[in-house]
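So the structure is just underneath, and the comments pick up after that.
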Amino acid sequence: MGDIILTMKDIDKSFPGVHALDHVDLEVRKGEVLALMGENGAGKSTLMKVLTGIYKKDSGTITYEGKEVEFKNTREAQEAGIVIVHQELNMLGHLSVAQNLFIGREFRKGIRIDDKKMNEEAKKLFDRLNVDIDPTETMSNLTVGKQQMCEIAKAVSFDAKVIIFDEPSAALTESEIEEMFKIIRDLKKKDIAMVYISHRMDEIKVITDRVTVMRDGTYVGTLITEECSKEDIINMMVGRVIYEDPKTESAVPKDAPVVLKVEHLNAGKMVQDVSFELRKGEILGFSGLMGAGRTETARALFGADPKESGDIYVNGKKVTINNPQDAVNCGIGYLSEDRKRYGIVVQKTVAENTTMASVNDFMKGIFIDKKKEKEIADKYVEALATKTPDVEQLVVNLSGGNQQKVVIAKWLTRNSDILIFDEPTRGIDVGAKNEIYKLMNKLVAEGKSIIMISSEMTEILRMSDRIVVMCEGKKTGEIDISEAKQENIMNLATREIE
Amino acid sequence: MANKKAFGKLKGREAMVLGIIAAMVILFSVLSSTFRTYPTLVSVLDISYYITLMALGVTFPLITGGVDLSIGTGLVSYALIGGFLIVHQGVPVGVGILACIGIGVLVGVFNGVLIAVMDLPPFLATLCTCMITRGLGPALCGGFGVSWPSAISADGAFRNVFKFTSDSGTVIPIGIVFMIVLVGIMSFVLEHTRVGRYTIAIGSNKEATRLAGVNVKFYHMLAYIISGLFAGLAGVAYAATYATIYPGSGAGFELDAIGGAIVGGVSASGGVGSIVGAFLGVFVICLMKVGLPFIGLQANWQQIFTGIVLIAAVLIDVIKKKK
Amino acid sequence: MKKKMLAVLLSSAMVLSMAACSGGNQDGGSASSDGGETETSSDDGGSDGGGSYTFEVLVKSFQSTYWQAAVQGIEQACDELGVKANANGPANESDIADQITMINDAIQKKPDGIGLAACDASSVIDSLGKAAEAGIPVVCFDTGVDDAPEGSVYATVATDNASAGAVAAENMFPVIEEKIKAASSSAQVRVGEVNQDATGLNIQQRGLGFIEKMIELCGGADKKVAVVGNEFYVNASKDKGTVDEKEADVIIEVGVPAQTTVDLASTEAQKIMSKKDTIAIFGSNQTTAEGVITANQTLNKLATDPEKGIIGVGFDAGTPQKEAILNDQFIGSVTQSPLMMGYECIQTLNKIANGEDVSDIPMNGYWYNKDNMEDDDIKPNLYD
Amino acid sequence: MKVEKIKQNTLVKKVGFNRIVLIFVMLLMYLIFGGLTGGSFFGISRITDTLNYAYFLGFLSLGVTFVIATGGIDFSIGPVMFCCALVSGYSLMTYGVPMAVSLIMSILIGVLFGAFNGYLVAYWKIPPFIVSMASMNIAKGIAAVFTKTQSVSWPQSTAADGWYRNFVNMNGIPVGLIVFGTVAVICAVILNKTKWGRYILCLGSNEEAVRLSGVNVKKWKMLAYIICGTLVGIASIYFVAAYTTVQPGYGDQYNNEAIAGCVMGGTSMVGGLASISGTVIGVFIISLLQQGILALGFTKEYQYIITGLIVIAAVYSDVSARRRKN
């Protein structure tokens, strides 16, 4: 194992209300692959963003090649040889592969861009990495996997000394991952240091040398991959004390009627043959890691995205859901993980958002009965304890938690019996979180049923009566809350080679 | 050509447009004996020059995902000011031409600042400059029409750049040669220089382009400057082809150019387009302008057909995308 | 919000400062068109007595140089009489709405009289009524308003467009007479006319005047005439003894461009000129005449000898047309006298203001060609 | 902190800050034009003049407000207005169609064009800009073909069929003002009090969120264009009632003025924000500007330039306000 090339020491970073990094240490050596692991929100990405200058650290030191550095932006980091391969792709779909690789630093002959040379260089690069991509192909015509390869190739082309892979395999197929591993092994031989962020335990075992684990913004420890087991790593990842009492037993009677039954739902790669049942008064937790296909399942179920096949039964009756209208008419409400984009209309008032899905119930002749609208909005503001001076307030002025409450109010007003909460507490501070939890419990007590998608283990354990675990677009298990443990959930959520 | 697939795709579109042009020519020729004469060809070319020039320029803003609505009233305004300087202020023709182009560039810079720096929506920003340029020319020139020196007069040599009349009276439309040269140059700029590359990149994904370290503001602005420059050139072409510049005209010219570019495969949502395509698209529009009267349809049908062709062109893209 | 208010305030300030600045400019006499008027004192030229009057003059637009000449005539009259006239006009001859606004504005200014070249004879009627109520006399020039409310229009100084169109036909006919005489239904000849129509009545009358006269002249030569092309003219000339296209010896083809732009006018001209049997073509106003010239730049068919090419006749003046005549492309054109009309308009207004009786002043359409272009009574009307 | 922000002056809250500023600008302009012209700018007749000939622009602006509220744009309003007036006017004058039928025809043609635009934009997802460009050409073409490229003069007030002109002014009763006011109120009611307006505004602001609320966004988007078309049809009646004559091949000059009035009034191109009262004031500012510039003895050109600059300022303030919020 080579010399240390990069050390991050005592890195501290706070965002308003969140202590994102609490004195984190990290050490990377030449020619090694260091796995950086942790649950969603453990601070892995933040740490890497601090390293590459996207965020400014509050305190701590970064030493790179023996010198203390602080990059102002990704470009500086790139020039120094530290490159990130992003999970979400920064590609220009209309340009060719080679043009993408060299965007911003084209080879030129006079004023002419030397596309020939760029293609040649790209070809050389791909040859070196042993991947088969035509540099002249238009980027948007490549598969996601190939696009990912291009991103890696781009990183390599910077003469990088440290390459950070941020969940590179999320969208790749089996063979593509193999191809990528080949590249990584090649790079290792060239003494390049790599940080590999991933949730996939099997990959970690196969490709990495050491594993650094983070949890809730803190450094937990580093293990030598060969010497540790999957269980060791999971224990480090989840080894937190859960302060809030997890539910120990489902409150739902076993014979409660099934309100929603989904059978063999298929929608693209992210939703493969998903089946489950939801009972009256139940909170069904959907657990899994990023990109497990939970949101996609919910959207397909709701009719927001087209689905290929699958039967949906509401209260025992088979229903057709082709678009959100159908779903809403079946009494399903969907609270998106991305409130600003899919949940609320920010430039409108609380009252208007509250009645968005049910304006028809507020008509007095051809007019909207604003008085009634205000009444109901007031009612929900009170019931949900939404912090707003009045219901005429624009939603844009509310905090995240209160915006969420407005969306909840929207579906309650619509009288939806089945509510899909997609990451209900994302971006919401602790106090508001508890309120939302209380609210959800109250809703199920009133006989509503909830599907809750959450990436937070504590949330899943605290709220769910039953837990469906998904991984790679497939349902990998279903656990009753009485048997649920962080470990067995994580086991189902991380992928095993089949 | 670096981008084989993309080129192949554009080639398809260009071939299609070429096919449409051929079909139109055949149709008109069959239906009208007077259409299939040399002078008709010349007159199609005549009408195409200023539209082509506008289209070459406006392709750049279109590819960035914007639009430039100020080119139509702009070109009349620039030609008016240029002509005013030549005829009423006695400046040499060359200077007048330069003024015409120069003001075009200035207005392009103005548009660029509004859109790239101040972040105004391109539609509204250029709609405003459209109004401003509409007023600018007449306001500066006292509101009167201007006739640039005619071809016969001593100062009229510039007109021969577009249409050369030999002593024997044969008319040679050499303007088309210049157009093809310009199409070549601008194709080169779009496909083989950083300016073009970044124009496409901005239209494709502005944020990613910025993250790649490209000075996005500058190149975004440059697209509008190019558009302004070509509006200036179009002003000269217009002045050279037609006898008198009437103030107050020009509104609607931009639609011929933008329509031509879109028919030629330039995407209105940015990122896609070729200069050759825009050039060919313009000819579809021009052929309709000239050809329809020849087959006995009143000139007005041209407008209806232009509208239908435009929608058809975009519908093809939409349907393709759906598949 | 603050910023928004600031922006709005700024823009209003901008407006004001612009208005103020340009206001200053105008007084400085920047606009050549109306710079001279203000300086003339009533002492020099106030021979008619009664002190200096102020008149508002509204032209159709400043687009074509035709109106430049009219404004010249107005200035000339103002200088002589020592009165003041403010000229204004819409940006485009088709901006009917703008001109109405301008007339109303002129009435608000309570001038001693209004000179009006109406863009559209129908739409101005209400405003004329208002002027009559306000007791402001109106003199129409260039274009008459037939249905004007009683007591509003005191006099009209205008060309009889029908006869002006006829003048073109009369002068064209002798040149092509031989060809027409030789024509038969199996060897038809074609006379073209390009007519800009959007500006309404005047040019319609002019176009019809030409057609009627041509039909009459051909009839004199015992030839049957058909009118083809734009349906309006085909229908309008039906009762003038036209025949079906197949039976006719002479075809008059009328082209109307979709919009008043030179490019479209030239396309129409070219469509007609490229037909083999075309022997003559008439462009019935400045734009369309220039359209004919533009088309000829390509076709090179115009000539003064009917054996060699197509006979071209234009209307109005302007540099391109004058050059066309000098270069033997047009045999001549009909000019109205914009300068005289402007001049007479002010003279008439002045007379009305002085309480004198006035009457309509019919203006002639003058035929001009290479030979008489320099004549004293023609030259001033041949603006650039 | 949030609470403070919300406790605005109630007047400001009711009327809207932007409109207060606009009214202020309007009054200021009025005073200044009055001052510069030595007082000839004041007076009832001046105001009625401004109004009588601005109604059509007002209707156009009201119409395009609905389209812009959905985040779209319509460049075809002017030519479509002329097309309505030409086709129905030609039918009236040439084929002897009764006046009442002609008027209804005008509105129907507007509705048809609106439906055409809306269908292509909402259901086929063609960019609104291109759709309106195409329908602008089609409107001009149809009008010209139908009228054989002749301008059409509707009957004078003295003629038997001249009663339609009373829509503007009947024996001194400002019917036009009443109608325009009523329509503006109806528009405001539609926009603010009915389901239509609710959905139109919401989908302009966040189409996806509205769709996920189970709303048929396509239908409502198309409706916005149909409302616009209807108002364009009404505008055509007011155009001929004021001016009697329409010419084929024109009308585009009114697009810019109508859109400018609407945008100036605070309707945002990014969609979701629209105010009828703002549009009304915006249109009046535009016509006031026109009047004022004329009264000062300037030609139309200056009005174009100044309008352009003002709209840039208005849009910029809108854009920067939005940017701060996000």
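Chains here go by letter, A, B, C and D, matching the order in which they are written, and residues are numbered from 1 within each.
Here, contacts are C-beta pairs under 8 Å (C-beta built on N, C-alpha and C of every residue); 3 or more make two chains touch, one makes a residue touch a chain.
Since the model is a prediction, treat every value here as computed from it, not as a measurement.
Asker: What is the set of chains touching both subunit A and subunit C?
Answerer: B, D
Asker: Can you tell me which chain lies farthest from subunit A, using the average of the Cα atoms as each chain's centre?
Answerer: It is C.
Asker: Taking each chain's centre as the mean of its CA atoms, how far is subunit C from subunit D in angstrom?
Answerer: Measuring from centre to centre gives 33 Å for this pair.
Asker: How big is the gap, in whole Å, between where the Cα atoms of subunit B centre and where those of subunit D centre?
Answerer: 30
Asker: List the centre-to-centre spacing of subunit A and subunit D in whole Å, with centres computed as mean CA coordinates.
Answerer: Computed from C-alpha means, the inter-chain centre distance equals 46 Å.
Asker: Could you tell me which residues belong to subunit B and also touch two or more other chains?
Answerer: Residues 134, 138, 143, 247, 252, 298-300, 302-303.
Asker: List, in ascending order, every residue of subunit D touching at least 2 other chains.
Answerer: 140-141, 144, 148-149, 248-249, 253, 299-302, 304-305, 309, 312, 316
Asker: So, with touch as defined above, which chain pairs make the list?
Answerer: A-B, A-D, B-C, B-D, C-D
Asker: Of all residues in subunit B, which touch subunit D in the complex?
Answerer: Spelled out, the residues of subunit B in touch with subunit D are 67, 114, 118-121, 123-125, 127-132, 134-139, 143, 247, 251-252, 255, 258-259, 262, 268-269, 298-308, 310-311, 314-315, 318.
Asker: Can you list the subunit D residues touching subunit A in their complex?
Answerer: 2-3, 5-7, 189, 193-195, 198-199, 201-202, 205-206, 208-216, 272-273, 325
Asker: Which residues of subunit B touch subunit A in their complex?
Answerer: Residue positions touching the partner: 2-6, 9, 188, 192-194, 197, 200-201, 203-205, 207-209, 211-214, 271-272.
Asker: In the complex of these two chains, what residues of subunit A are touching subunit B?
Answerer: Within the complex, subunit A touches subunit B at residues 74-75, 90-96, 98-99, 103-106, 108, 111-113, 115-116, 118-119, 134, 136-138, 141.
Asker: Using the touch definition up top, name the residues of subunit C that touch subunit D in the complex.
Answerer: That would be residues 1, 3-12, 14-16, 18-20, 22-23, 26, 62, 86, 88-92, 94-98, 100-102, 104-105, 108-110, 120-123, 125-126, 147, 197-200, 204, 230-232, 256, 258-260 of subunit C.
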